[in-house]
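After this come two complexes, each holding chain A, first together with chain B and then together with chain C.
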Partner chain A sequence: MKEDVNLLNYNAMTTGNEINYTGSGVWSPSQKFVFRICFVFFLIMIIPTDAKYYQKWVTTDWKHLHIRDMGSLSGSSFKIIEVATKRPGGNDTGGAPEKKQYDYVIYPETGEYGAWSYINWFIALVLGVAGAFIWTFLDRKSKNYNQLYYFLEVLVSYAMIVRLQGLTFSKIFPSQMPELALTQLNTPFGDFVAQKLYWIQFSFVHNFERYAGYAELVIMVTLFFRPTRAIGAALSIAMIGVIALANHTYDGGIHLLASFYIVGGAFVLWRYLPPIWNLIVHEKNTALKIVYYPFSRPWEKWFRIAFKSFIFLFFFVVSAYLHWDNYRNDSYKVPQNPGLADARGLYTVADFKVNDTVVPYSPVDSLRWQDVTLEKWSTLSFTVFNTFDIHGEAGRGKQYKDIDRTYESAGTGGGRRHFYYEIDSINKILTLKNKNKVYEKQVLQLHYERPNENEILLNGNNEYGQPISMVLIKRPKQYLVYQDRSRKNTWTP
Partner chain B sequence: MDYKFYLDILQSPAGDKGFYILFKLANYTPGFVARNSFGNWLIIAGIAFAGAFLLEKITRFKSLDYDKWYYWLRVLLRYRLAVAAISYGLIKLFPLQMPYPSLGNLHTAYGDFLPWKIYFHTTAIAPPFEIFLGGVELLSGLLLLSRKTTTFGAGILAGYYGNVFASNIAYSMGYEAYSLQLTIFAVVLFVYDAPRLYNLLVARKYTIANSYRPVFNTKEKWLKKIARPLIAIFIIWLGVAAYHNYTTAPYKYPAAKGLPGAYGFYNVRIFKWNNQEIPYSATDLNRWQNVVFEKWATLSIKTAKPIVIDNGLGDQFTNNDHERNFESAGVGGRRYFSYSLDTIHHQLSLANKNKNHKEETFQLTYRLLGSDTIIIKGVNQQNDSIYAELNKINRKYLLFEGRRKPVKL
Partner chain C sequence: MKDGISTVQQSISNIEPAFKKAWTGKQKFVFRCAFIFFTIMSVPTDYGYYMMLLHFDWLNLNYRHLTELTAFFNPQFLNIYSESGFFGPASYINWLLVLGIALLGALFWTWLDKKRPSYHDLYYLVIVFARYRVAYAGISWGYKKLFVMQMPEQFEAIWNTNLIDFLVKRLYWEVLGVAPVYEVWLGFAEFIAGFLLLFRRTTAIGAALAFVVFGNIAVSNHAYDIGEHVPSALMALLALFVLWQYLPYIYRVLIKEENALVPVYYPVLNKWQRWIRTGLKLVFNFVLVALFAWYEVKAVRTNDFYKLPNTPGLADVSGIYEVSLFKRNGVVHPYNPLDTDRWQDVIFEKWSSMGVRYVNKPQQMAMFSAGSYPRVGEPYDGRLHFDWRGDLRRYHLEADGTFSKESKWPRDVKIDWEFAGMQGRVFYYYEANTVNQVLQLMNKNRYHREEKMVLEFRRPNSKTIILKGMDDRKDSLYIVLNKSDHQHPLLNKK
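Our next item is the complex of A and B:
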């Protein structure tokens, strides 16, 4: 066996124990320079510079902690220039409903999805290079940055954990992709935007969604502990990196968040790669030559334990609890006000009248309603043969009001309209409001009667103020998407 | 070892440039009971136990070089997994495995698909993503071809096929057993270096590298000399054949061209059944509601008549357009017909592609009025006469319009 001479320097060869590599080596000038760039770059990308973020830790209502607060407490991304679009409802990239204002806003042709969206990363990199020059000028003594390297690796790893927890636990407790709405089941495949189809592919296979959540939890846990950090970094790139690419190809909108795991994961993994290559490809005996900060003083030891415990308790335990609680009681993308009792279903529209004149069924009529659906919650949807301005929101965000919770309606077109409604059960009146914010002024008032459990009579006005009336007849419908391929399945309209 | 495999290879079409045969060879898996069933695994386990017992008896008096046997087992697994990964990588790199949804499928409600079809279509609407997935698979397969990079390829594929296995279960995609088989192959290959990686990365100890170097006898050297170029030729040929299939006639959709200029979605404005006009109806079993002409020779009709779903996966290799049922399998809502076209006599002969409704046929004549109207007359298999006036609807699809610009539709 050929022995690697360098390794004779380490006592580990004889004892076989963990190496206490002192890291007294000298870095080359270029290594030092690249490290300085990385250091400044990641610091800018990770440490929130916004005073409001720190205020949050004081102003948050700790007694009624909500998953919304978890979002705003898990940091803010570095952003000087807002990359936006002018189309209605664009700029919906999820997160908390309240939006910050920026001094600099650009409107590139590719919207928020193209290369321009990385402009703030580019600025951070430019600042990193500038910072590295200044640092090089000021610091001529340092031989290496082994200890800083360790702390930067920890910082990047923890930033990845903290930014991932919301997505992890809202999959483990399936609320990121909640159950399909009936209106979605009755919308043609071609009338969804690609982003929507990417999301709702999880919305009828919740065990698969949980599985994805547990995979993300594995990333969080492996990044959390020093011995498994290399594995966590590799998994970050392999999984969240792929999600980043998917977000680019589907115009999903959270590519910046996901891409951070490619850059961060690569940074953390970087120094493990040469030893891995040496061991596996060159088949040479190898030791990691990595310096860990010893945490030898008591206060350092206690600080480390306290910090780690805090991260674990807050971003693992509390976050998991809050997401579980949200999933059980107020799944954040799903409207919560109950709809008409026992009315959930797909309805055929009969006896449709406008201005007291019967409009017979026609698939090419711009006023006559078709395929009405009533959800468990208070949303009514129908199709007409007409075109409408599409509101570009993605149906994300942790909205407060039911009317703003648009997971069911965002990203669909094809003449399908969605209305939030309020029930006046004494006067038997439904007040409907259009969920598409382009048409938010449209309000319909419909008097309802329910002669039997399968029929609903509606009578009132449509979006254009014309008097309308109709009979809704419930249609028994089994959806193939919930059926088993190995059985005999029959489609019915 | 399973004779049915050879029969299948010999009896079915080779495909252009042998694409079908090469792909099947790359993905042989024993099918003693049924293809892609765990029943086979029981039989194989039985054979393995018997074999282990027998080997024990035979080699009682001479010691076997297990290190070398293990080496050759890994060689076998490496190449087996490599050709599987490369073949599946290629049909994603050239998006054949999950082709873009047909127009008829775009006009089908989301709830009217079986889960596997939703999964396929959702991947298919983002070809760059499918190409990327294929690239990962292909690259990992290539890494397996060299012993030194095997661990990396196996590690990636263990995660990749593990994920394919999980989605096969979630969406019942039909390849549960095969994807688990590939996962196990990848895990077995990865396990060789796993303790060393654990020792290095997790235990962070000084790690002794693999020191086994196989010594080959003359026979083995010859085997290597012959097998290597053969595998290289196989892979290159498969690549050329897959590319050729993609650029000429993707195997999941029919190859024959459809009625020229007819591609589109049509409202059925007037419909007569046995000379009786039936007004628009979403409930009448005979009334055609709308019609889609594909670019290839398929036409789909929406009616209210129940459909017994074709539970196939539409992934068989065939040159018969009628049997290429990817577009009509696992989906309800529309009745799919392959048609033969006689442009001289303006005749269309329709046959339902769904094997549960194969009796349904139409003998039709067509007349084109301008570019947007088609008049259809004829009879079905029971001699009921049909008359339909089809009006093309030029509509936009949100799927194509995307999220980047203002859209009205």
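Our next item is the complex of A and C:
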């Protein structure tokens, strides 16, 4: 008889959907305890504890909404302790300055990307365990947490959606990894840090960046709807989990953000795993048996629809529009002020003088400039044979000013220097400022003349105050990276 | 109470007869098509593949042979020598061809065989073909990355070449090569997808993984013009075919939230059929999984990475050198980045390779990944070419159909990884006579191997090398090289 009842229940639950929404099951004490830990842990990880976050919803300039605002409105990660480095320039990771106030800062010896960077997760877990103990002590009656489980799963899924939208749409409209600058193209492979190389692999083939963006959009959409949530969770582990791993191996900076998709994805996927295993490995008759909250009362129904619509409109539609607009008009990592007209190119340096003395061509001179590049925008870069601190910034963050938009220069070493410049076209003077924050005090003033379209004469002072002058001669260069596929494959060095 | 039991029984009995029911005419036709299509796609059908097998040195088998056995074959009887034929939609022309053959075959088959009610056994068999095809491909591509062969350790030529001098596919390669841990992880994903496909119970998981992994590889191949998109997409397609029978049920459980049972059919085999099955499984799995792994380990232990030369170079010379003094026929050429008579810089690798950066010395571009560019002497006429040997490049066949003589060159001369998909330097393989202090150099590029130099070398100190001798222009050279102190940030691990 007992067996029959079980069978009946089983059938009712699998065919009749949400009849029994509180769930008749009794969870074991350990199941309940683990759930309590997860509940507190994820709440701490997801719900912004910073009052500034909530103020943002009021203070944002809604008429001129910008992708910067989307970033701050999509939550803040739980961070009590800032993990930093003492390497000069290493902490300059971009981002809005008001986000950068922390009570505690640590400088682990393993670097800011090692195990120590998970310290805040660990704290959240400890709080989760402590919370679970208190909860266990207070709540001795509950047989199960089917409803809370459902809501927590929704919360984790939506947190993943909201945190992903910026990265998704800045890939679909390729601005997260914008077009490479000439200076980057003319820098040897070994002179980039590993992290930078990982980023710029998307910069030279935007279709791959778009593809990654669409994959992330699939994750967002599948997480958004209940029936496809398991697929979204599995994909987020498979894809963003791999990104997390890549960030660790390449010393990338967004490993924490990416790792959240492993933990969150695993949490959401967890309850689907046994049935799927049963179905495809054991090849047995299977049903999910998930208990949902019924949303049967009218206000619940309306609230659910309103909430879902809001998430969809704001974090899918508005976000997509803003990112498209940004990509079209002011790609946020690319400087926007135009450089010297028709000067974009790679230049050979001739007749270089310091203190009016000619310094002959030499690849191993610490003062003589080599391989000057001028971009479409106002950046001038050159190489000298010397060692400088690399600014640790990945060129991340959504900067306002051109001088702070450092995707073109961050993570590049090998004696390559990058200067932002302002043009005084009346007096024909360029005022150059070093884009590297470690050297931000270095300002150069160079008078320029353009006797013909292939030559630029510069004279003024270098970063050490010495008078310099030089002739820049444009060098024609075959860009293999962008070479037409059907070209004959001979090259001329 | 009785009702409860009967519903359950009903739901089970609904599933059972699926095997007994006769297929509809349409189902049978589709199946016949699919059977022929996926069999041709899974089993080597191009004659060139077998020509390659004939040329294998079977007594000295190594991991290269096993890679070629499993990683690189797909029907490619038609080639369109055009941009789209190499990179775009036209490169999939052979899929259409095979589909056409399958349609014709199915018509013929339908005419011949009017009685069979269903083809459960053959369906199982064609899935086995596809399963093992993808499994061994996944394992062999996985091994390439697991043993850090596909993107091997980097070296001076890569670190000292500007980004613009790489083809995008080589850049993609080297970005992966920067992080061997990541490469091993990707290799593991390929390996495990293939490995799971070897077992019946884990077939669905393996197929799903293989679909994601190979699908992703196909997309990146398209994005970076790598050239292996057709075989990768084929693996994804085969994986999808294997997964097909599970999909409706996964959909029912996950999305419709109904209960479901996958009605997988297993053929009943008699005794000798079981013996054959076990025998085949043992032989193939032993050779293509176990022995293959052993060969890979052996290769790593003997420093036989197929992309890296392994003849040791001069001791302690590796690095990039500035040319501080350059005399051609006794005339000093001062440093000038535009001087065609002067060498700009010189690279010595750990192995016996020397790279020279010239100004204006045109060279044929060396390529990697077989199918991606026409070879020298091959037409690029946009026309359709038929060849029943399949993709000649994969099987070491020359354009005129003869077997490549390239393999007769010494191992390290053949390896062009220092400059494949890159431009900027000319690389020379050298044989060093350390007693007389003479280097015999030969341009490694297979189209310029007649360019030879003989240079005496002296090393007054560990930072300086003096070269003296005759170059391929028959000029006498006198060169003083100074090792550069340049520190690459990429190598400067905290």
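Quick note on the criterion: the second predicted complex is superposed on the first by the 455 of 493 C-alpha atoms of A that agree within 3 Å, B and C clash if a C-alpha of one lies under 4 Å from a C-alpha of the other, contacts with A are read in each partner's own complex, and residues count from 1 in each chain.
Basically, a residue touches a chain if its C-beta (ideal position, glycine included) is under 8 Å from a C-beta of that chain, and two chains touch if they have at least 3 such contacts.
Every value quoted in this text rests on a predicted model; they were computed, and no experiment measured them.
Q: Label the relationship between chain B and chain C on chain A in the superposed model as either fit or clash.
A: clash
Q: Is A:P275 in contact with chain B, with chain C, with both, or with neither (first, second, both, neither)?
A: In the superposed model, A:P275 contacts both chain B and chain C.
Q: If you stack the two complexes on chain A, which partner ends up touching A:D389: first (chain B), second (chain C), both, or neither?
A: Touch status of A:D389: first partner only.
Q: After superposition on the shared chain, which partner residues are touched by A:D356: those of chain B (first), chain C (second), both, or neither?
A: neither
Q: With both complexes superposed on chain A, which partner does A:V364 reach: first (chain B), second (chain C), both or neither?
A: A:V364: touches chain B and chain C.
Q: Of the partners chain B and chain C, which touch A:D342 in the superposed model: first, second, both, neither?
A: Neither partner.
Q: After superposition on the shared chain, which partner residues are touched by A:L197: those of chain B (first), chain C (second), both, or neither?
A: The answer is both, since A:L197 touches chain B and chain C.
Q: Could you list which residues of chain A make contact with chain B in one structure and with chain C in the other?
A: 1, 7, 17, 87, 111, 180, 184-194, 197-198, 200-201, 204-205, 207-208, 211, 227-228, 230-231, 238, 242, 245-246, 249-250, 272, 275-276, 279-288, 290, 348, 360-364, 387, 390, 411-415, 477, 479-481, 483, 485-486, 489-493.
Q: Under the stated contact criterion, what part of chain B meets chain A in this complex?
A: So the residues of chain B in touch with chain A come to 101, 103, 105-116, 118-119, 121-122, 125-126, 128-129, 132, 148-149, 151-152, 156, 159, 166-167, 170-172, 174, 193, 196-197, 200-211, 267, 279-283, 289-290, 304, 306-309, 311, 330-333, 393, 395-409.
Q: Quick check: in the complex, which residue numbers of chain C touch chain A?
A: My answer: residues 1, 4-5, 7-8, 11-12, 15, 82-83, 86-87, 158-168, 171-172, 174-175, 178-179, 181-182, 185, 201-202, 204-205, 212, 219-220, 222-225, 246, 249-250, 253-262, 264, 322, 334-338, 345, 357-365, 367, 373, 380, 422-426, 482, 484-492, 494.
Q: Show which residues of chain A lie in contact with chain C when the two form their complex.
A: Residues 1, 4-5, 7-8, 11, 14-15, 17, 87, 111, 180, 184-194, 197-198, 200-201, 204-205, 207-208, 211, 227-228, 230-231, 238, 242, 245-246, 249-250, 272, 275-276, 279-288, 290, 348, 360-364, 385, 387, 390, 411-415, 477-481, 483, 485-486, 489-493.
Q: Which bits of chain A are touching chain B when the two form their complex?
A: 1, 7, 10, 12-13, 16-19, 85, 87-88, 90, 110-111, 113, 180, 184-195, 197-198, 200-201, 204-205, 207-208, 211, 227-228, 230-231, 238, 242, 245-246, 248-251, 253, 272, 275-276, 279-288, 290, 348, 360-364, 370, 387-390, 392, 394, 411-415, 477, 479-481, 483-486, 488-493
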